[in-house]
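Please go over the structures that come below.
Two complexes follow with chain A in common, the first pairing it with chain B and the second with chain C.
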Partner chain A sequence: MQDLAHFFISIAQLLSQPVIILVLFCSTFMGIIFGAMPGLTATLGVALLTTLTYSFNESIALVSLLAMYVGAVYGGSYTAILLNIPGTAASAATAMDGYPMAQRDGAGRVLGLTTTASAIGTIIGMLFVVLLSPLITKMALQFTSFEYFLLALFGIIISGTLTSSDLVIKGWIAGLIGLWMSTIGRDQLLMYPRFTFGNPNLDSGLEVVAVLIGAFGIPQIITALRARVKLAKPVRIKRVLPEFGTMLRNLPTIIRSSLIGVGIGAVPGIGEDIAGWVSYGTAKKFSKTPDEFGTGLPEAVISTETSNNACIGGAMIPLLTLGIPGSPPAMMLLGALMLHNITPGPMLLIENPNFIIEVAAILLLASVSMWICGITLARYVTRILEVPQTLFMPVIGLLCVIGSYALGLKIFNLFLMLPIGLLSYFLIQMKYPIAPLVIGVILGPMADTSLRRALMVSQGSIAPIFERPVSLALFSIIVLLILSQIPWFKSLFGRVQREISSKFHHSH
Partner chain B sequence: MGEQAKVVARHRELYQLRWMDAISGVLLLAFCVWEIYSATQMPMTESYAGVANVWYVSPALLPLAIGVLLIPLAIMLITRAMRDLGAMKSIYPFIKYQRMHIGEQLGFMSCVFALICYVFLLIPNFDFILVSVLFLLYLIGGFYYCTDVQHWSWFKRTLILAVALTILALIFPSLLSQSPHNDYSDILVLVIIIAGLINLPKAEDPAQSRRKKRGLWVVFLVPVLVGTIFKYMLLVPLPIEGLWVHKVSDTVFYTLFSSKHGNIMDGVSEEDAAALNDAF
Partner chain C sequence: MKKLITLASAALISMAAQAGDFPERNITTVVTWGAGGGTDTMNRLIMGEMAPKLGVNINVVNVTGGVSGSAGLVDGYGRAADGYSLVGLSESNVAAGVMGGWSNRMDVFDYFIVAGSPDLISVSTKTDYKSIEDLVTAAKANPGSIKAGAAGAGSIHHLNLLAFMKGTQTEFNFIPYDGSAPSQNAVLTGEVELVITSLAEQSQLIQSGDFRPLAMLVKDPVTVKGNEIPSALAKYDDLNQYLPISQSIGFAIRKDAPKDAKVAIAKAFTEAMETEKVKTFLDQNYYVASGQFGKEANATFSKLEALFAWTLADLGAAKVSPDSLGIAKPN
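This part shows the complex of A and B:
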């Protein structure tokens, strides 16, 4: 009850400041543009905005970053619907039915549905943040260093497993390279310089924001300019109408997709794109007309858009309670929060008990502002889509450079950002996923210090892993994840499965 | 594209990918050897900075673990690549290695060249706004304004200019990395910008002419706008503040805006002002 009261007080406080309302709408609109423009991503948007907002006060910065995140995840649906080119990976599944539906019923109708579905998805995700965060925090307070080490390892392994489009081992390799990159600099226990090559600029380690901007920004710039991508002229939209009747008829799909979105968002390192596809597949499975998927079904569009926006709330849960980002944009949010002296993790709720409620209030406002912007400003977004990539990508390059420099006022950050960007570009060309690399850089310090602290307490023994239920569960999942990718284990598992099912059939 | 052509294209892509996997696997192995060797040089059990060390608190623990885990992964990557390449042996003649399209090659080289020059050569040495104008002029000029054919000659001419600049910098090392920064070296950047503008290929049709006008607006406005926001609103000093910042934006900003709040030097005598000048 007290939390509910605080929630409404937070909303009232935010709305009483005209600056915050202005920042909210501007950031959401900017987010929609970032999401809509192919080549620009929610992660890059949040990264560039971090550099612009780091001198602002905490509330304004948080409003701006979360509004950008929400807007960008939704914005990807514009190009998916209007041009059959997803603006972000999160909207790839939306294009499957969004584009044919727009051709048949008009883009205004589809955008009306996606706008409302995205807003509902964000709000349901926000509800889960409020409901689950205190429970997870309570559990996390019991965690020892072994659990933290295993959590970090789990984040890297699962992200590597689920984001690889080619071989799973490429995801693990990317994660381990990221983990190695996090060891550069003086270690936090003995202050010994590791892999610094005598360069004092490397003593404090790699600047996370510069790494993120390089890894997510530079490959996009090179790819877009290299191919000189030319988009077709999008259809002009007259009116965007929300269809509440259709939404009500698809209530079970909305609830199912939201749960999928929150669940996938909560898994470290994987984000909205996977949520969209899983939700699309599940909606098809449960549909009365699965054969019509791909021909422009409202149900399909609603399922993908609800789930990719619900993913935002899901990604915020491990970020706020454990300090482990649930999705690539959440990785950037983690960096931004730390710049504002907010350290996400179980201590956050103790030091600042109202913080999660404030985040929930901002998420609610962001989803409302996204809905208003989506319904009223859609036609302007389509006009911005006409700006060629070859004109705005060099500007993004300039923003990446000043953004990487501005956070530490070090030109050396640029010397890091560009090589990391080029390395990421080549890794992407070789189909290595980038998310595990970045999550490795982010979770590396936690993995390193937790492992050594844990071993220090246990005098070098790893027995405590098997004595504590959470660490045993995490350890088992990690081992199973790794074994599941080994061919002989796969065939053994298949044989066991076949044996069990044949015995089951015989007994019946 | 016919069904057969699609299959060939898919196999060609896989073939090239597996070759790259094999090469990256070998590079990864070499990296692991170096990484493990470096980790073994870190304090393991001996004392460091007066603190007695044990193996499980050693800073080498995680790097060693990473190196040891990466080795089997690199071997798996190479084996998988070799197995797939072996399986594709019978179709080698149909899936000959295909190089990147010449336009894409040029696009890649041009873009990487611009980024490297901008980050490593221009930003640390010259006025940020001027070098940003130069960076945008090169990229927007080459990719947005020029046609594919024009882009090639634009790239060649810029390459010649970059070589000339490097030779100049070698002959007159004082042009680079001066502390405090000398505004006069920025004149060189200004000259290159003007040369670039003169060098822009002629518009072939009205549409290209419109692109030129639009592109130039972006080239000149964006760096000034971004520089102004960062320097005067977010109070972030730019990497190098030279000719433009000192002579133009500071003058405009402090004359138009700061004068309303009174000059900081008001009431300071001429002697004190001179002393302050000497001090800084």
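This part shows the complex of A and C:
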């Protein structure tokens, strides 16, 4: 009760300062732009603002950093929906249904849904920070190397299963290609060079952003220019409606996706990238119309956008309770907080128990400002699609080049982006989904190092997989996922199911 | 008259040069490690304090990757030697040469060391190891069975672990992690028994009672909130041959940069080190302030370079032999 009072006092205090409100909106807006631009990431945005807010007081800095984070995670959905090029890896799952839906119903409708879903996701994530931090911390501490390995493998397999419009095995093949690509570079445990051919540019492995832009951007540009397709229906809209009715109907999806987002965000080291996919997969599993996933289903975009924003709250939990950042942007946040003489960790909650409430208050304000910015912006950004193809696609191409170069300022990234783009184009032509490849590159290092580290710890034994509850559960899910695609198992499983249900009916 | 004007203007020009025109524009600091890490945070702090003293902005950018942060070294060293480009780095960069990341020695830079935090060995409070002697006895009874977590091969914490094993004639099962935070997390999850990271990184977990600090890996004991952590060097005399290996976080400027730029930066650095904000930060986060620059700092880095290079070579992890780079073996 006292916490609740403090929560409202914090909000009132923040809102009573005009400069805070200004900073809030500016940072959210910047965050959305950072998220939407392929190549600019939430981490980079937070890093930039850390320097800019260095000389300001703690609350201004905190407001701007969190607003930037919230905006950037949401902003990635813009380009995913409008162009089928996700601005961040976090929004790759949103493109699956967001893009076809935008082509069918107009981008305004989709943006209305995703904006509201993101705001709700952030708020639910925030509630978990306040209410369940200690419990979630305990859960996150169940994750040792075997669990990390299985979780990464699960992420790759599920995205392969979900994205394939043809044979599911094609999705897995794409995922495995990504997994192989992630082994290029020095291995992170013993620094042994793999597939680097003596080229120092490859030492640190393939840059994820260059792979992301190449794999999603280039094929889309080639396809659009070849087919001369209209990007999306340029529906003239007066304003973007949040569609509260649709949101209410999808309440179970929203709650489920938020839980997934918070849970995944709380596990240190992984975040938004994988949350979208897991939540998309679960939504499909529970859906009444699973076959329509991928054709532009409101509940699909709602599920992905709610969960990737709920991740923010989740990532704050280990940061604030253990001093361990739950995601890459949270890592930057840790450094920024330390500059303002706040050291996140277990002592923070003992010495400054109100801090977590203040963070929650700021997250709430950030999600409100994100919602206002988003709904206002959506009206204008949909007009981008009215620009003729022949003008628009070269601009996107240029942005892809700049985006790949900007991160790390390495020319080598361009040499990386182009061949990966061409490879992806041909894979797409052969009906291989491309998202699992990118997820493979992102989660590959975690799968690789975690498995090897786990085997170092267990001295070569794989028995711990079956002895630890979380890893056993993950292992069983993966085995079921794979078996369910094998024809004889499918028919066997179907027959068993039919028999059970027929017996069930007889007895009635 | 004409002569006088020439003389006067010459005097003026030289005075202007004396007073130092540096800096006329903004400075960029290339940090070789990731955003939010120790080196990054320290650089953002010191640059934030130096900027008003120099009267320009200092932009901090992260260029990460390669081996031992070599991508940032290559980038930072590749910029013009005009004093407008600095490189944010730490002791762990010195291995970049032997790891094949870049072809220069570390002596192409002049160093400014802000601070470092001493390493220590800690275990989870759930384990039975109450003292460093308990741990050493257990390790001697079952060599290689106790799991020790630390950041990846060739990191300063790994080097500290190697030195500790040599000095106490023990053997642990070294489990490498992607950084200090994941290795500390592994103690909390029970994946490893002990961890070596810096006091700055552990202080919160020690104070909260999650970690039991067993021994400092520096000469002197340290007191954290009233509890003294003893020095391992005092208990095991042989350790003094190999330890301490001190962490050194700061930044560097190209050695061939103009002298007036170096002087201006050294002045701003010294003043920044004295500010309340820097002092409070270092104090609260258990860093030991250094403030070294010039010959002293360069000697520190030269020593670190030799130590890292030869340790990695002995481990078989070095790609380029220290000999071929002209790095002498430390005695």
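We adopt the following convention: the second predicted complex is superposed on the first by the 273 of 508 C-alpha atoms of A that agree within 3 Å, B and C clash if a C-alpha of one lies under 4 Å from a C-alpha of the other, contacts with A are read in each partner's own complex, and residues count from 1 in each chain.
Basically, contacts are C-beta pairs under 8 Å (C-beta built on N, C-alpha and C of every residue); 3 or more make two chains touch, one makes a residue touch a chain.
Please read these numbers as outputs of a predicted model, since none were measured by experiment.
Novice: Go through the superposed model and pick first if A:Ile173 touches only chain B, second if only chain C, both, or neither.
Specialist: first
Novice: Please indicate which partner A:Thr183 is in contact with in the superposed arrangement: first for chain B, second for chain C, both, or neither.
Specialist: Only chain B is touched by A:Thr183; chain C is not.
Novice: Taking the superposition on A as described, I'd like to know which of chain B and chain C A:Gly323 touches: first, second, both or neither.
Specialist: In the superposition, A:Gly323 contacts chain C only.
Novice: According to the stated criteria, A:Met191 is in contact with first (chain B), second (chain C), both, or neither; which is it?
Specialist: A:Met191 sits against chain B and chain C alike.
Novice: Thinking of the overlay built on chain A, is A:Thr144 touched by chain B (first), by chain C (second), by both, or by neither?
Specialist: Second partner only.
Novice: First (chain B), second (chain C), both or neither: which does A:Ala336 touch?
Specialist: Touch partner of A:Ala336: chain C, not chain B.
Novice: State whether A:Leu451 touches chain B only (first), chain C only (second), both chains, or neither.
Specialist: In the superposition, A:Leu451 contacts chain B only.
Novice: Determine, under the contact definition given at the top, whether A:Ser55 touches first (chain B), second (chain C), both, or neither.
Specialist: A:Ser55 contacts both chain B and chain C.
Novice: For A:Glu299, using the defined touch cut-off, is the partner it touches chain B, chain C, both, or neither? Pick first, second, both or neither.
Specialist: After superposition on chain A, A:Glu299 lies in contact with neither partner.
Novice: Between chain B and chain C, which residues of chain A are contacted by each of them?
Specialist: Shared contact residues on chain A (touching chain B in one complex, chain C in the other): 55, 189-191, 409, 456.
Novice: For chain A, which residues are in contact with chain B within the complex?
Specialist: Interface residues on chain A, with respect to chain B: 52, 55, 166-167, 169-170, 172-173, 176-177, 179-180, 183, 187, 189-192, 194-195, 218, 221-222, 225-228, 388, 390-391, 393-395, 397-399, 401-402, 405-406, 409, 411, 414-415, 417-418, 421-422, 429-431, 444, 447-448, 451-452, 455-456, 460.
Novice: Which of the residues in chain C end up touching chain A in this complex?
Specialist: Its residues touching chain A are 34-37, 40-41, 44-45, 48, 59-67, 70-71, 74-75, 99-102, 147, 152-154, 173, 175-178, 181-182, 184-186, 188-192, 203-205, 207-208, 210, 280-281, 284-285, 317, 319.
Novice: If we count contacts the way the header does, which residues on chain B are in touch with chain A in the complex?
Specialist: Residue positions touching the partner: 17, 20-21, 24, 28, 35, 38, 42-43, 48-49, 51, 53-59, 61-63, 66, 69-70, 73-74, 76-77, 80, 103-104, 107-108, 110-112, 114-116, 118-120, 123-124, 128, 132, 135-136, 139-140, 143-144, 214-215, 218, 222-223, 226, 229-230, 234-237, 239.
Novice: Spell out the residues on chain A that touch chain C in their complex, using ranges where they run on.
Specialist: Touching chain C from chain A are residues 43-44, 46-47, 50-51, 54-55, 141-145, 186, 188-191, 193, 200, 203-205, 207, 268-269, 322-325, 331-336, 338-339, 341, 343-348, 350, 408-410, 449, 453, 456-457, 459.
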